[in-house]
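Listed next: structures, encoded as structure tokens.
There are two complexes below, and they share chain A, which is joined by chain B in the first and by chain C in the second.
Now for the complex of A and B:
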């Protein structure tokens, strides 16, 4: 024991960590983070509470089931049944396009990625679409959907294509949701350890079977998250709706085919309804705007809650990294 | 390099209480009992790697290896990290092809047929693999095995009635059936590590392979699970050719009929497990198994 102690002389005591200067900076940094975090929470809370109070003041169940009408005061203008259904319709179209397209793109980028140059190009294209303001997408949409070749997707008379319809708005809105679905699905796929893919290939499964039966089911929570986030963006988008949906208060069908007519026709959504009835809109009925905004916010909050539930439920177990 | 001629199968010398031969180089565990208590009744040549070299880009990971793989015997590949043993193992069912920079020279045959000419999915059903990490699919126990049995590409997927027998059979061959029989719908990721690894073995066996490749199957497991799996490997030896890569020399000693020692990509020595550990021919082998490096 003593011999050992002699052989290795005791280490000199560690120097005391340097003075309080960096500690102060550290403290200021932490305080700043705290303050900003608290500020952010306060802002979010203010929005929710404000909308909640205003909403509860003005929301009546009857508003949800009455058609809107033009009128001079609030007793005449009715409810917002059409915008509510319009929101659901537009969201359904957008997701129906964006989900398969986004998942397929993500699978290709993550699992195949060949040809390399095209994959990189696609990546940048997706990022570019993600960064494009929706009003620009909407303008682009008016050009595309006014072309005679796509006349069957909206109302047309005498060879002039109107170019505004649920089809048009839904298709362009799918571009808003697409990047979110692609990136979320891709992240989910890339989080799956490589040895799981190899395990599937090593028992004689094809790449496609591996993707279809193992990888996509494993990445499902990410797909759902991306879809929900995309759905939130779609529901909340105003510019595309105002420009491409025609912003007629009620469903204005083109033709007499039951669903097709509606889809080819114009209408409104909750966002365009809020815009219309805000103090700067033509309707200028703020109480209706508050009520509709409250319903809109409630839908988005429910979606967020759904994302959280899916995330938590998916924690079944995992492989050690 | 002259192709190494494998020792004939019947020359197996079996000693339950083998003793070191006294040259001082045999490690202490050589006197320990081995799991392989009896030689297999027969040994059939299944695969043959001839002058196989594998490179990743410029780096040669496996150099001119010639090695037979026989049903009825457990072949263990040992060697320090990075010696190419896992690469060699992965090349046996063409998993190396997943790495785009990998290239292979030489020939590997399965029952006389060149594997590079086979459809990789068919080859991988005949030569299946179990990995170092237990990696069950995030499905139920049942579906993990049934997934392998369901034919891909055909519209008609075998129904539950057709699958049930083979699934249970594979699970029982992997020694897992008794533990999971009452709840086959149990999520596989909730099994213990040892159970997960046996499920992976069941999955690999479900394809009815001729060769089973095991890449350090016990390195992530506790000693008891390791023991269960070692017993299992020895039992499987008669039905499938087993190749196991292991870092654990004592494991190789306990279960292997033949051992290949690899070092820096070369197959330094190949011989029966007992000879290899008690009287290695090569200096490097002797050093490695006595713990001088590795």
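Now for the complex of A and C:
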């Protein structure tokens, strides 16, 4: 937040032009800076343009609304409606779990945090999850969700719990989003000046009422930013999907209950669809993989734009001086 | 911290005390899940470590054959085999992560400095959102570009027939290589580093930079000696985060690294860069269908435990390294 304020003041005058008075090391440094900067721009542009070209070449509106089917060539394999819906479903489950949990954790850590040792421990635990590879979380998920006690969340046959379902993948993916939501919300809460809290308490509001009526509404842009960033990570994750969702081509629902069956069953998302259709996967249909990757990239782009808008807007009407 | 200000609590269904307990319980729930994860992973990993001892980390034999033997022994329900020498996988992880982090750290410092201090403001306005976008591109997309563009290019244009034939008795060089893995991994983690480095550089107090410029120190020296030094906590934070991403990257590396349990040998000369390998995380994902076999499951959990331990050590090192820099008061 302060960074934005610092970036705006006028830049200092530049009295010393890069010239013959500079030492060789300085000249090399500045040249390296420009060269690597230009190289980075070139690589970024290459990636963006390449994906754009592939997207325009291969994305057809019909791909978005047809079910995928197994087949040998590009005309037989259908579209990616199921992976697209699967992505939305998994993201919804993950955020539905991570958002309340993350906001509650952040509020407790920054506003209460009473047994000090416990708060520090929780803080380190959240930091630890942030650094944990998602593949490790996925393996942890297979142990948890194939235990008989949680058998009602996935398909089971003859006492053996399958452990792969939208519930399982969403629950573990919520752990991926959680640290981002917690850290962003905490930063937002800590940026609120203390006199705001004191004013609220002075008029007789309880601490929780202060949190609910004053602090959380003020910190809303941070909560939204954290959620969007978490959503981006959830949508982009492949390892957890491959291991915990099964990465089956279509929705493979368990039981006949309309939505519950789907949620208990396996499916796929855009990331696992891309993986399966790359030369390393079983499908190997590069044009479909490019099309799905382009759609995935478009979703990520929209999320990023949303974050940017929230960030800009929060700088206008925030409590920061 | 506002205890003195609290007026006597009114009896209310959502009273303050109850709210605090509920929030605390949810937070402790998160703590419990993390502790459960640690306990589960370590207990499930133990049999593999117990049977192999320190040889687990050593080399010896063909690791792919060992994995197959372990899987089949569990699949057939017979006497379990446990022998597993993970050095090729560890070596591959060290090589890919180390090289990618080293290259992208070097480049990212300069690129971040370029973006914050040297680039024209129009370029900067465009670059900042682009970096955030690149930092959040799913890794599978980088993997797709790698496997469809970079790998064929390396296989067809960089590796000569003579090089392919010279090692044909041991491995096939077809473009799935250390070079491709490091290249894509570098491109993948650089935006993460750059965006955090940029935040750090932007938070450097403007007056410090201006004081240095006012003393007649030239622009480059000022930014290099004042801005970059002040932003060191951010440099550490960005490096730790990017290393954690590189270490845990499974799918992308499974796509481009070649998925062969082979330890690239630096003594092979140029061929070293073209040799296939397979890092730890990619091993888990390419064998994830085999979790049903008990010894295989424990072996994969042992790999996960190593990754978890490395990630924890990484954040610990980052924390320790940041301690003496607290005086700079620049968050990172």
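To be clear about the criterion, the second predicted complex is superposed on the first by the 272 of 321 C-alpha atoms of A that agree within 3 Å, B and C clash if a C-alpha of one lies under 4 Å from a C-alpha of the other, contacts with A are read in each partner's own complex, and residues count from 1 in each chain.
Methods note: a residue touches a chain if its C-beta (ideal position, glycine included) is under 8 Å from a C-beta of that chain, and two chains touch if they have at least 3 such contacts.
Because the structure is a prediction, the values reported are computed rather than measured.
Novice: Return first, second, both or neither, reflecting whether A:42 touches chain B, chain C, both chains, or no partner chain.
Specialist: Neither chain B nor chain C is touched by A:42.
Novice: On chain A, which partner touches more residues: chain B or chain C?
Specialist: In the superposed model, C touches more residues of chain A.
Novice: Touching A:203 in the superposition: chain B (first), chain C (second), both, neither?
Specialist: A:203: touches chain B, not chain C.
Novice: Where does A:243 make contact in the superposed view: on chain B (first), on chain C (second), on both, or on neither?
Specialist: Touch partner of A:243: chain C, not chain B.
Novice: Can A:214 be said to touch chain B (first), chain C (second), both, or neither?
Specialist: first
Novice: Kindly classify A:191 by the partners it touches after superposition: chain B alone (first), chain C alone (second), both, or neither?
Specialist: Once the two structures are laid over each other on A, A:191 reaches no partner at all.
Novice: Which residues form the common part of the chain A surface touched by chain B and by chain C?
Specialist: Residues 198, 201-202, 204, 206, 208-209 of chain A touch both chain B and chain C.
Novice: What does chain A use to touch chain B in their complex?
Specialist: Counting only chain A, the residues touching chain B are 193, 195-196, 198-206, 208-209, 213-214, 217-218, 316-320.
Novice: For the complex, which residues does chain B have touching chain A?
Specialist: Checking each residue of chain B against chain A gives 93, 95, 98, 121-126, 128-129, 131-135, 137-139, 147-148, 152-153, 187, 189-190, 200, 203-204, 206-207, 213, 220.
Novice: For a test of understanding, state which residues of chain A touch chain C in their complex under the given definition.
Specialist: 2-3, 6-7, 9, 12-16, 18, 21-22, 26-27, 29-30, 32-34, 36-37, 39-41, 43-44, 47-48, 50-51, 100-101, 104-105, 107-109, 112, 114, 118-119, 121-122, 125-140, 142-144, 175, 178, 197-198, 201-202, 204, 206-209, 211, 229, 232-233, 235-239, 242-243, 271, 274-275, 278-280, 286, 289-290, 293, 296-297, 300-301, 303-304, 307-308
Novice: Provide the residue numbers of chain C that touch chain A in the complex, in ascending order.
Specialist: Touching chain A: residues 2, 5-7, 9-10, 12, 14-16, 19-20, 22-24, 26-31, 33-37, 40-41, 44, 107, 110-111, 113-115, 118-119, 123, 127, 129-134, 136-141, 143-145, 147-149, 187, 190, 194, 199, 202-203, 206, 209-210, 213-214, 216, 218-221, 224, 240-241, 244, 247-251, 254-255, 259, 281, 284-285, 288, 291, 300-301, 304, 307-308, 311-312, 314-315 of chain C.
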